[in-house]
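Here the chain labels run A, B, C, D, E and F in written order, and each chain numbers its own residues starting at 1.
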Amino acid sequence: MTDAAPSAPLLTAESLSLERGGRQLFRDLSFVIEAGQLVQIEGANGAGKTSLLRILAGLSRYGFEGEVTRHAPMLYLGHQSGVKGMLTPRENLAWHVSGEGTFSRGAIDEALEKVGLFGYEDVPSNALSAGQHRRVNLARLYLSTSPLWLLDEPFTAIDVGGVAELEALKVAHVKSGGAIVLTSHQALNTDHPVHRLSLTEGLLV
Amino acid sequence: MYFDNFAHVLHMDGHGVYVWAAYGITLAVIVLMLVLPRRRAKQQLRQVAGELRRQQATQKLKEER
Amino acid sequence: MWTFFHKLGSPPWLYGISGSILRYLLPLTLLALAVGMTWGIFFTDPDFRQGNSYRIIYIHVPAAVVALAGYYVMAIAGGVSLIWKMKMADVAMRACAPIGAALTFVALVTGAIWGKPTWGTWWVWDARITSMLILFFLYLGVVALYEAYDNKEAAGKACAVLSLVGTVNIPIIYKSVDWWYSLHQPASIKFTGESSIDPSMLYPLLLMIAAFYALFTCLMLMNMRAEILERESRTKWVRKLAEEGS
Amino acid sequence: MSAPGALAFCGRLLRRQLVLAVRRPIEIVNPLLFFAMVVALFPLGLGPAPDALAEFAPGMLWIIALLSSLLTSDTVFRSDFDDGSLEQLLLSPQPLYFSVLAYVGAHWLITGVLLALVSPVFALMLGLPGQAIVALVISLLLGTAVLSLVGGIGAALTVGLKRGGMLISLLILPLYMPVLIFGSAAVQAAVIGAPAGPYLAILGAMLSLAIALAPVAMSAGLRISIDA
Amino acid sequence: MTDAAPSAPLLTAESLSLERGGRQLFRDLSFVIEAGQLVQIEGANGAGKTSLLRILAGLSRYGFEGEVTRHAPMLYLGHQSGVKGMLTPRENLAWHVSGEGTFSRGAIDEALEKVGLFGYEDVPSNALSAGQHRRVNLARLYLSTSPLWLLDEPFTAIDVGGVAELEALKVAHVKSGGAIVLTSHQALNTDHPVHRLSLTEGLLV
Amino acid sequence: MSAPGALAFCGRLLRRQLVLAVRRPIEIVNPLLFFAMVVALFPLGLGPAPDALAEFAPGMLWIIALLSSLLTSDTVFRSDFDDGSLEQLLLSPQPLYFSVLAYVGAHWLITGVLLALVSPVFALMLGLPGQAIVALVISLLLGTAVLSLVGGIGAALTVGLKRGGMLISLLILPLYMPVLIFGSAAVQAAVIGAPAGPYLAILGAMLSLAIALAPVAMSAGLRISIDA
């Protein structure tokens, strides 16, 4: 179940089980996420993808069994964007509550340009469209130095061009020694091997 | 003219503070109300002018290319 | 008549005409204010009961009177904006609110300052004073609501609704405050409103009232011009104006 | 599958709002507890002298009822705006006049009416004379209905604002004042043995006016808010 | 620009222009939506699709120029789901604020089953996953009798199976004399001709 | 690109919150206007007799300040929760203790401090004797800080609830009461010419305790809320 090279594990999950609303979403799920892996969690609506991701991120702490260990700094992007409508995209990134780093203005502008928000740096974010709003958040991916990314439906509301760029970014991140766990209802369109994480069968290569 | 000298004008038999304060505040408010819309209009015009200049500059850049 | 109405709805026309009105009205207003104030401060005799403090009357009463009248101007503009969907009525309404609030504020503050030497206290819960305070809140509500909206056109409509609701309520508020005051035992201090006023004091007062009305008009026009520029900043005529100006 | 009549639809909305409220019983009990706690605050803040408390009891009870209504009126349309239901309501073929009445009616039932019904307890705690209690309950019933309607206007005008916060209190408190004056006057009249009827009649007149006009203002406000 | 058959116009838009945040999103856009048309609005993030749809629905009333006339009842589903978390899916549909119709319990259950919420009828909606939540709203499509549908990104958060079913439903609706205007960043996967509505060029066949 | 130090991060958060507040100046002025309007409510409800009003002024001013703080404390974390920022804050490597202090600090600055600074105006309107005004301002400065901290706990515990609304008032009002008692006692002491110092000292002690403990409770509350 691991890559050939004995690369560093970034996250280990041991026998995770979760029951919600009377249904067993997954049982005894164990896996290891290693550097260089791009993992897509699979499942229909309501299968438990978001629940699993929140457990992996450490946001859910009650109601499940098993253990999660993260061995590296992590970046989590959830269903909600965490973008403040009253702040401009630039301020949103500079004062981001995640406190990951102190970014120079140049770095922030570059990241915003990369997500296609050139010229929108100083517009209040609530005057942006649904997709642009999400892009502000995705700009964090360009700034991040965390090796482990947990992304919940990162492609929501993003147009075709944006999706392609995001995929390229992800492959680059994984190739440079990071790892990504993501959920998406769209198949990833990349040459890089995509590991599938099935909620019933665990990590498939 | 009711008052005999300047000190009397200021003092007003003990009511000077009140009268002058009232007039002062009123004048301040009036001046503020006169200045604010003026400044708003000027700023707006300047902003539009700046925008136009920026547009022209970018257009020139495009043409040069 | 109808064409006049139509013209009123046209921002560039309004901007132009208000400019020419202001050119004459504004100096006149400032002159009237200066003459009235000097007259009131220096050239009238003190009141036999209140001494010199009564000179505050020349700003207190005009401010109070115009502040009250301003609400009706605002509500009428609001009604026009809602019924005939005239954008410039919105702008007029928006222009009234801060001026009205400021004048109410002046009436309140000068009243309070006047109260100290005459009544020995800054404030009493008199019916007239209380309703003036409520009027202040009504004005502030309109200003605040307008500022809270991002979309200024929607803001104008929302404020129009609010000021119309306020108009329905103003008579109710005034009546009820009057009742309230006669209901509870009135305070020991009486409002010296009824004392007939000496002509030598009346003329400067009338002048000041007229000056404040003129001031209100000027400020309203100035605010409207600024607002028009902001709303129409994308149009050709504003761009031309900006080019000429710079 | 035919579209329901206006009244049937109004009833359905009312039921929906009430069910939503009942799903969180805490929401219903809250205004009452708020009332109770502020009643407790007053003696703490003002000192426990019983005579003074009894004398001011009518006014205090009314002020608290007013605050209680004020604080909850923001929620009338808020959650429906947040989840997009309000857009759907505005697009509905049903007359908005009755729909907003249903929203306000639900609000009145779960704040005003409940408050009026439990107010005698608090009145006794503050030492209000027994003969004034009927006037208190009736004035609260009538008055809180006006408050809910007026509060609904404020809510409709501010619901679209990202951080309207306390703006609503600024908009509607001045409009609340006549209700407060006549409401507390009715109770005070009853305390000294005078007839409270005239004051209650005025409250009733205000209510009629509010029922006729407030829904119109609310509808206009909602249409504006949805577009902000 | 019209279909061969002179079918009934359901919606006419005349010279719509919109400027937002200093950018002209569209100018002088005129088109007629007729029965039988399936129209997809095209555009990248921030192009103005949502803004146009809200104008068509009559939700935006300020700040644009032009005129929109709707000749038939309309159903609009926006970015937000309009599903009350405290109500069950069944109640959500039965007491829906749109007041479109009075639906029997059988009809509602059938619609819920069709969107894959069989067994979830009586679960409070806020215990549903993101996709299930949206599906509650989509169930309205099965109940609706309005010929004109305006749908803003109806496929958001819906899994692959759900998307296929939705597409089938849409085609059926259009074939039976309705019309649909929708936005989506995914291409529609259907044999039925899809008209494209470009914000710059108008309705393309 | 190094991670900022805890204090730098805390300062950045404080700045962010203040900028957010300043972007809508209305949000800042609102508590003040609320204060002013409720000050006006009391005479309307209780009657305009100046003596009685002056006697009750300390308690009333304190009760209003308390309500004002109570009503806004719900917003401390609300918007950050709604848009997902709070999740990100909890995942951040920074110590949560300082982060929540920044949130509460911003809340205190834009409600408590401002309120304390303008309170003399309202005190004069209610006829509070001049010599009590210094005690009023200081007691409000200290007291509202405690109120903000305690309110923050309530906000943290309820932010995850869909319609927390007034639940928060229920949770924190009892905790507010000691502050109210000593705050109004300080002013009352100053009115009758007694030293207000001891009461202010007690408020200061409460504040120290709250600064030490409240952030811990808030952090725990937020972690629970995010999981609800």
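In this text, a contact is a pair of C-beta atoms (placed from the backbone, for glycine too) under 8 Å apart; a residue touches a chain by one contact, two chains touch by 3 or more.
Listed by chain with UniProt protein names: A, E = Cytochrome c biogenesis heme-transporting ATPase CcmA; B = Heme exporter protein D; C = Heme exporter protein C; D, F = Heme exporter protein B.
Nothing here was measured: the structure is a model prediction, and the numbers come from that model.
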Exercise for the section: Could you tell me the least number of steps, going only between chains that touch, from subunit C to subunit F? Expected result: 1
Fill in the blank from the handout: With subunit C ignored, the remaining chains form A, D, E, F | B
Handout entry: Of all other chains, the one whose Cα centre sits farthest from subunit F
Key = E
Problem - Same or different residue numbers at the subunit D/subunit F copy interface, by half rule - result: same
Problem - Distance between the centres, which are taken as Cα means, of subunit F and subunit A, whole angstrom - result: 37
Problem - Inter-centroid spacing, subunit E versus subunit A (mean Cα positions, whole Å) - result: 29
Exercise for the section: For subunit E and subunit F, let me know how many angstrom lie between their CA-based centres, rounded off. Expected result: 46
Fill in the blank from the handout: Per the C-alpha means, the centres of subunit D and subunit F lie apart by a whole-Å value of 26
Practice task
Hunt down the residues of subunit D that sit against at least two other chains at once, touch-wise.
Solution key: 24, 79, 163, 167, 170, 173-174, 177, 181, 227
Handout entry: Residue list for subunit A, restricted to those that touch at least two other chains
Key = 79, 85-86, 124, 126-127
Fill in the blank from the handout: Where subunit C touches two or more other chains simultaneously, the residues are 134, 137, 140, 144, 148, 150-151, 154, 157, 177, 180, 183
Handout entry: Of subunit E, residues touching subunit D in the complex
Key = 57-62, 73-74, 76, 78-87, 91, 95-103, 107, 124, 143, 145
Problem - Residues of subunit C touching subunit B in the complex - result: 33, 37, 41-46, 51-53, 55-56, 59-60, 63, 98-99, 102, 105-106, 109-110, 113-114, 116-117, 215, 219, 222-223, 225-226, 229-230, 233, 238-239, 241-243, 245-246
Handout entry: subunit D contact footprint on subunit C (complex, rising order)
Key = 82, 134, 137-138, 140-141, 144-145, 148-151, 154-155, 157-158, 161-162, 164-166, 168-169, 172-173, 175-177, 179-180, 183
Completion exercise
Touching subunit E in the complex, subunit A uses residues 20-21, 43-50, 79, 116, 123, 127-132, 135, 153, 156-163, 185-186
Exercise for the section: Spell out the residues on subunit B that touch subunit C in their complex, using ranges where they run on. Expected result: 1-3, 9, 12-16, 18-19, 21-23, 25-26, 29-30, 32-34, 37-38, 40-41, 44-49, 52
